[in-house]
Amino acid sequence: TRDTEDTKGDREKHVKTTLRELVVYFVFLIILCVLTFGMTSTTMYYYTKVMSELFLDAQFPDTKNTFRGMTTMMDFWRFVETPLMDGLYWETWYNDRNVTDSELGYIFYENKLLGIPRLRQLKVLNNSCVVHDDFKKDITQCYDNYAESIEDKNPFGKMNGSAWTYNTEAELDGSSHAGLIETYGGGGYIANLARKKAESLEILKELRENLWLDRGTRAVFIDFTVYNANINLFCVVRLVVEFPPTGGAIPQSSFRTVKLIRYVSVSDFFVLACECIFALFILYYSVEEIIEIKRHRLAYFKKVWNILDILVILISIVCIAFNVYRTIAVGDMLSTLLDTPDKFPDFEFLSYWQVQFNSAVAIAVFLAWIKVFKYISFNKTMTQLSSTLARCSKDLAGFAIMFFIIFLAFAQLGYLIFGTQVRDFSTFGNAIFTLFRIILGDFNFHELENAHRVLGPTYFILYVFFVFFVLLNMFLAIINDTYSEVKADIANQKNEFEMGDYFKRGYDK
Amino acid sequence: TRDTEDTKGDREKHVKTTLRELVVYFVFLIILCVLTFGMTSTTMYYYTKVMSELFLDAQFPDTKNTFRGMTTMMDFWRFVETPLMDGLYWETWYNDRNVTDSELGYIFYENKLLGIPRLRQLKVLNNSCVVHDDFKKDITQCYDNYAESIEDKNPFGKMNGSAWTYNTEAELDGSSHAGLIETYGGGGYIANLARKKAESLEILKELRENLWLDRGTRAVFIDFTVYNANINLFCVVRLVVEFPPTGGAIPQSSFRTVKLIRYVSVSDFFVLACECIFALFILYYSVEEIIEIKRHRLAYFKKVWNILDILVILISIVCIAFNVYRTIAVGDMLSTLLDTPDKFPDFEFLSYWQVQFNSAVAIAVFLAWIKVFKYISFNKTMTQLSSTLARCSKDLAGFAIMFFIIFLAFAQLGYLIFGTQVRDFSTFGNAIFTLFRIILGDFNFHELENAHRVLGPTYFILYVFFVFFVLLNMFLAIINDTYSEVKADIANQKNEFEMGDYFKRGYDK
Amino acid sequence: TRDTEDTKGDREKHVKTTLRELVVYFVFLIILCVLTFGMTSTTMYYYTKVMSELFLDAQFPDTKNTFRGMTTMMDFWRFVETPLMDGLYWETWYNDRNVTDSELGYIFYENKLLGIPRLRQLKVLNNSCVVHDDFKKDITQCYDNYAESIEDKNPFGKMNGSAWTYNTEAELDGSSHAGLIETYGGGGYIANLARKKAESLEILKELRENLWLDRGTRAVFIDFTVYNANINLFCVVRLVVEFPPTGGAIPQSSFRTVKLIRYVSVSDFFVLACECIFALFILYYSVEEIIEIKRHRLAYFKKVWNILDILVILISIVCIAFNVYRTIAVGDMLSTLLDTPDKFPDFEFLSYWQVQFNSAVAIAVFLAWIKVFKYISFNKTMTQLSSTLARCSKDLAGFAIMFFIIFLAFAQLGYLIFGTQVRDFSTFGNAIFTLFRIILGDFNFHELENAHRVLGPTYFILYVFFVFFVLLNMFLAIINDTYSEVKADIANQKNEFEMGDYFKRGYDK
Amino acid sequence: TRDTEDTKGDREKHVKTTLRELVVYFVFLIILCVLTFGMTSTTMYYYTKVMSELFLDAQFPDTKNTFRGMTTMMDFWRFVETPLMDGLYWETWYNDRNVTDSELGYIFYENKLLGIPRLRQLKVLNNSCVVHDDFKKDITQCYDNYAESIEDKNPFGKMNGSAWTYNTEAELDGSSHAGLIETYGGGGYIANLARKKAESLEILKELRENLWLDRGTRAVFIDFTVYNANINLFCVVRLVVEFPPTGGAIPQSSFRTVKLIRYVSVSDFFVLACECIFALFILYYSVEEIIEIKRHRLAYFKKVWNILDILVILISIVCIAFNVYRTIAVGDMLSTLLDTPDKFPDFEFLSYWQVQFNSAVAIAVFLAWIKVFKYISFNKTMTQLSSTLARCSKDLAGFAIMFFIIFLAFAQLGYLIFGTQVRDFSTFGNAIFTLFRIILGDFNFHELENAHRVLGPTYFILYVFFVFFVLLNMFLAIINDTYSEVKADIANQKNEFEMGDYFKRGYDK
């Protein structure tokens, strides 16, 4: 953005311009930080923690297992019948007195359960896969991994009600969900629970008796949303149990604590004011960048700082748009919900995008901070460091290619050899992360050894030797050597006029 | 302090002066170490360990949960009714024989329970927060996060006695406490337990039956102090359970093992003697520094060593003063306490400051050790190292600024993205510590991955790449390059007269 | 392989040849990767996980211990009578309804139990070791560590049936197994279980009543194989409990998830096509290499790249051969098995070699990736890096010898001092791995300290100081210094014609 | 030892001499390794593991606690009455049949319990410490930390029998034991158990009923020894429970698996042969070194290699002597023991020294391996490395002093601030080890944070910054710089005649 003005005049004017720009930028940065620090708070962490512990760590009465440790279909029923019911319905105080009617429907006596919880099941068709000829006589049923194309949409069991007949994604206004094994569609067989514990238990009993879950079941979703008025936060809970074609059960959970109603308290309105100022800033910067693009055309896009500017502006515009949309959408949902308290309210979509919105804002702030380096070239040291990085970037890039070919070759080797046994190598992505973690010293050697008594340790030692001992040190050698060069160069050349000098001179006067 | 004498004379005199100073300084250092090694002992660690295990790791009879794992209000009652009672009252021996009357009131049969334990509760007012208009019809009660301004001071429940009516901080002579979530005031509703188990259980039953804890409750404190005469140590115990507005319960505990009565055994009186000598030393050094300040004025404060001197002296003086005050205050408290054994004795304040006193002394010793480097410039190697540090300090500082901007940008990014899900990023401070720990290899990658399947690993890999691979290596490059320069310089210049030579010459004679 | 054509012509022709070669090689690499990515999948990991959790983590009803934590003979019976039976036989649904007859015999209702499970026991002879004279009167029985030469082959107990009389390795068509303590032969006393739970329990009861396991028992193997038609995978399970001569029990397990039937679904036939192309490639490369060997004779074997070529080709040929054999062998086994469902089917041998086959393919791919570096010398950076590695390889090798002598001396020291107490030093191999892991920061200091209060910490600190501080830094110094040299050299010499230039020129035209 | 011959002749002769010496040395080294590899074995590790799991991990029936988690006197009785009795007495098989009489007295049916187990208690006198005047009225009893001078030697309880009257260290032929808190004398009140479970339970019941343990009790030792004839190993077990004056119980255990009877099997006699050859070698080297000392006098002790030689020889002589003594002593003990099976046999002393003997041998081997470097100066690389180490040793030493002053200052600071709360800082030694471990990334940050919310993280970050970032990098700078210098020097100077050349020349001929 410094380029918008013609700075061919004397250096002093240039410095003054830069300074003014810098001050404006810092105001922008402060506004941005104020916005974000209202976005996340320790209370939100505690809310997530308290809610997730309630459902995930409560023990089943007989086996002392928990949701996290669930491994069979039987465990699913154990979970829904005790920890889930106890977690959802708080109908007595600790002295065994019943709560009053107005106190009913609050988890922990504090968090209003919005509408009712819902169970949703997805199934695949029988004979969705090919059985080998030799086994065809013995094995007459075959249920493949989940895929939308082979989803079972036929009624089953009691053949009536939404629990036993298929509901399409459109009917449910649902969205797809990326599980650990597959991505699941938004339709399915749904069973709505009730607002009282006894009624819900009745519903669950019927499902269990009539084998609601069977061999075709590939996933069950438990969805509900709570709202805490004390701290004005929603917690959108989704408990998923996947039943892979291998048998067994794989639990997964998401607790999204989001502030869907933004403007309630006084401090919220202060944030609103900041948001307006922020929008103005974005407008200002957008105009500036558009002018620059017009002037410099393609040359504009060759500078890294400009790309950064554009990224920040784009993200900001998207976020502002979403913010407006969210405010309207939540208002609509809430009025519907409060009118029909016995319906399941789907906050999944909204909470998902709210989380993405938060992430986008966070990334924008990060980029804005990085841009600070554009202005910091105050003194020789900074120049040295940035020149070093700039000069060795070509060498580092060449080295990085070499490094990553070896790294990926190791990752593929690890995935192929240990993938069926060790969690940390169970996907190609995991293998990459694991190799990164080994460099830092965070890994489980014994699992590797158990997976293959000879190749495990050999693989580990070869990797540590080549990557940790040799390649990483070469990284260092490149930086080290370049730094010496740069330092020697700078010592030889005359100092340019620097901003540091400007301040110093001002001070000396 | 070397500057107090005019060292314009010949070098030999200078060395002699330095040597004398050095010897005096080492005597001072030894005295200081003697003092501190009496301050902490392994017995104190075991005392803390034994007491904390007794209360924190004892299982509730039904759920097998412990104080550390407490998550609900119900758990609080489970804790106070069994593990707390069993821990406080040891009324039978292991062969089920009752203890004699004189043996009553000792935890582990060894640790005298001073006075009686006390429960204290803090509440917030109903409607202390704003409920959004849409919910106002449904949600009629609202209890905000704790803040002193919205503290509930009205009587409730049985409306009589200190447990149901508010006691101010002044009445209780209490002090505020920094919990995990908020900082709590020193007042509240207090319930004193009794000196016998049966009576205490009776008191607890009444509290439970009448719903002593309700939605407004934000924290409960359990306070008591024990004294072990065998080893002359107090253990001031405070168990805090915070009830955040999210619901749930967050336990916290502090076991302060302090030596409040200092002078009992023979070795204690030896320490007393050392303390007197130490006070004289401080007096001597204070005078010296004052003289120097008078002579050099502002120039005095430009030397790092002088700042260090002043710091050590100031800390020492504060500590000596506190030591005198503590001795008097404890004497007073004890006599009151032994006269009225049925009162709750508040050692909180005293033990808190005793711990700060210990820390202050520890820091003084640390600074005193660092000052040793002032005298160690014996030989070329040392000079090389210190020159290297001195010369690259400017570059390092410049680099450190750059490093910390990137570091803090990463910390903020992590806090904003993962803050609601991952404990290690739940506050901005935690995020900073976590990023430091990642460099050393101590972190939980899977939590990050669970929090966000894409951004988690990406964040991790970017951080490791830029900070661990690139920036840390640049650190090294700076030091490495400077060291080479310094070594070359020193090799070229003539050796100054050094202290090492002085010794050598003496030896050669 | 570049050498097969006479490249004495002009450089441009050379580059064209190289480029053609490169393209062919990349096609080969892609084919190879396609083959392997079909080989491992996340489903296989989940299959292993689900099956191993079912048997290894199920708790014994009384002691809440698991297979993994097994320590006594009594635990073995606890395991086989509850978790094993519950894991093998799924005869009711979660609503307590019995499964239909066609649903019988499926673990998790999904995984067909092939044939029947088998228990196999190995014993050693009484008086297989020498008792010291002093004890001969008191100690009349003596059972040594397992060795095939002292195996007990006499009938015992009820003296009839395969469970009480010895079956040779040839009779059982078995193979030896490398346990944690010893390698065990393929014969033994075998007890086949039944296809129904009740019958199997009867068999186990008889074994237990008649003391099937006694002091001579050295290992018990539980073998069975399941087949999942949904995903067309076999899981070959072997649970081993070793009873060392020390008393106690050491559990071990292997769950080999293998795809023994290769060509069933459409994607399988795509892989088959790739395999054929791959075979053609191998043929082509074989011929090429044979021609080269004939031309260059011994000189051929002096180039590293040629050795790599030969390795890849040899491994590939072995793998192709095994692939053909496996397809035939599995066909045979399955037809026998389906005819006689009450026999134990031994997939041990096949699954073992299938795993080795997978590993061999994985290594071939790894080597093929490494060969990519032969072609990558595009630009100056790459040349710098490879020259650095090449030039410092002699120094690094010299250093590595020095490093490993010290390293091994430390490993032996650790093994001798801590070997009897600490698992991580219990064998010489483990000691080596542990020392590697200490460098990365993954180790258990407290175990070392417990093993020997003085030598443990001393050993640790000496090791960290010499190996982590001094030797590793020397590693770096070598690479760093060589890199500076190489960079200086390259800067001085004229650039040779490089492939990068070729591309650039083409681009410039 | 090369110095024993006058090598002023031509270089070739020198090389020949060196070669001969080298060959002899390698024979010596091989003999030494053979000896030691017989000393430790994986079987010994499993023996330790199996025995320690039996006693330390067995759960108490009611609280599910274990020996390792013991915290109160009550836990001690829970332990001895169930896990200890079940571990010591195996009187039935797993089918509930009683074992035969000749099978009685074997742990795991395999390990002969030698003689009977023994409980030993140490007490301190009442009023062994000073109670502060203020408390004197209330606190009438006072039991200090254990010290031999204040040991209680008066009869108590039932006043008769060895359990209630004091037995001196001389009477028991005992030795002192270094516990976690104090070092305990060898005397005490002893209760011998019986050879049958029922009788032992009777004895324990009497002890419990009569309050054998009281406030004066400072430690209880449970001692017994088992012998496994299968593998000819003794396991000397000592379980210690310390009762500190703070209350509570601190468990500790030692399982010493030792081979006290050395020469039984054939391979043992092969080792015996090696031992004889070894003794001859030591004789030869001793004579050689004595001759050298006579010739060179004080100059001899200035060479590092000579010091190493002497160390190895001295350790070897001590070990040989102990080996002879042990063989005799064990023979004596065993004959006594087998005559009087109802006595407690004290293998404590013998097993302790056997472990020290093993450690001494291990250290001798380590030193012998290090001496290999004396002979390895084959080629330029090695010379470079050793010169680098030699040349920078002075700088490194200077740096190490600086490093360790800062390091120790940090350790003391950590000990004083966190010592009462955090186990890893509970002693000054632990603090040092912990700081070392932090460098490698193995530490518990959260404990530090809990101990002091401000100082904990500050301390951690300061330490990491100064020691990990700055000081460690300076280490590297020193080595790096010296290596460059050395390499430059060597490149300039002519090669001396080297051993590598000798071989090369021989090969060229």
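Points to keep in mind about this one:
As written, the chains take the letters A, B, C and D, and residue 1 is the first residue of each chain.
The rule we apply is simple: a residue touches a chain if its C-beta (ideal position, glycine included) is under 8 Å from a C-beta of that chain, and two chains touch if they have at least 3 such contacts.
It should be emphasised that the depicted structure is a prediction, and the values quoted were computed from it without experimental measurement.
Across B-C and A-C, the chain pair carrying more C-beta contacts is A-C. Subunit C maps onto subunit D through a rotation of 90 degrees [Cα fit, steps of 5, range 0 to 180]. Interface residue usage between subunit A and subunit B, two copies of one sequence, is largely distinct: under half of the residue numbers at the contact are used by both copies.
Spacing of subunit A relative to subunit C, judged by their CA centroids, is 35 angstrom.
Per-chain Cα centroids separate subunit B from subunit C by 50 Å. Multi-chain contact residues of subunit D, defined as those touching 2 or more other chains: 439-442, 476, 480. Residue ranges on subunit D touching subunit B, taken from their complex, read 63, 71-74, 77, 129-132, 134-135, 137-140, 142-145, 181, 208-211, 213, 215, 244-248, 250, 394-395, 397-399, 401-402, 405-406, 408-410, 412-413, 415-417, 419-421, 423, 426-427, 438-443, 445, 449, 452-453, 455, 457, 460-461, 464, 468-470, 473-474, 476-478, 480-481.
Contacts from subunit B toward subunit D in the complex involve residues 33, 36, 39-51, 53-54, 57, 59, 93-95, 97, 102, 107-112, 178, 227-233, 255, 257, 261, 264-265, 331, 334-335, 338, 358-359, 361-363, 365-366, 369-370, 372-373, 376, 379, 381-382, 384-385, 388-389, 396, 429, 433, 436-437, 439-442, 472, 475-476, 479-480, 482-484, 487. The residues of subunit A lying in touch with subunit D in their complex are 440-442.
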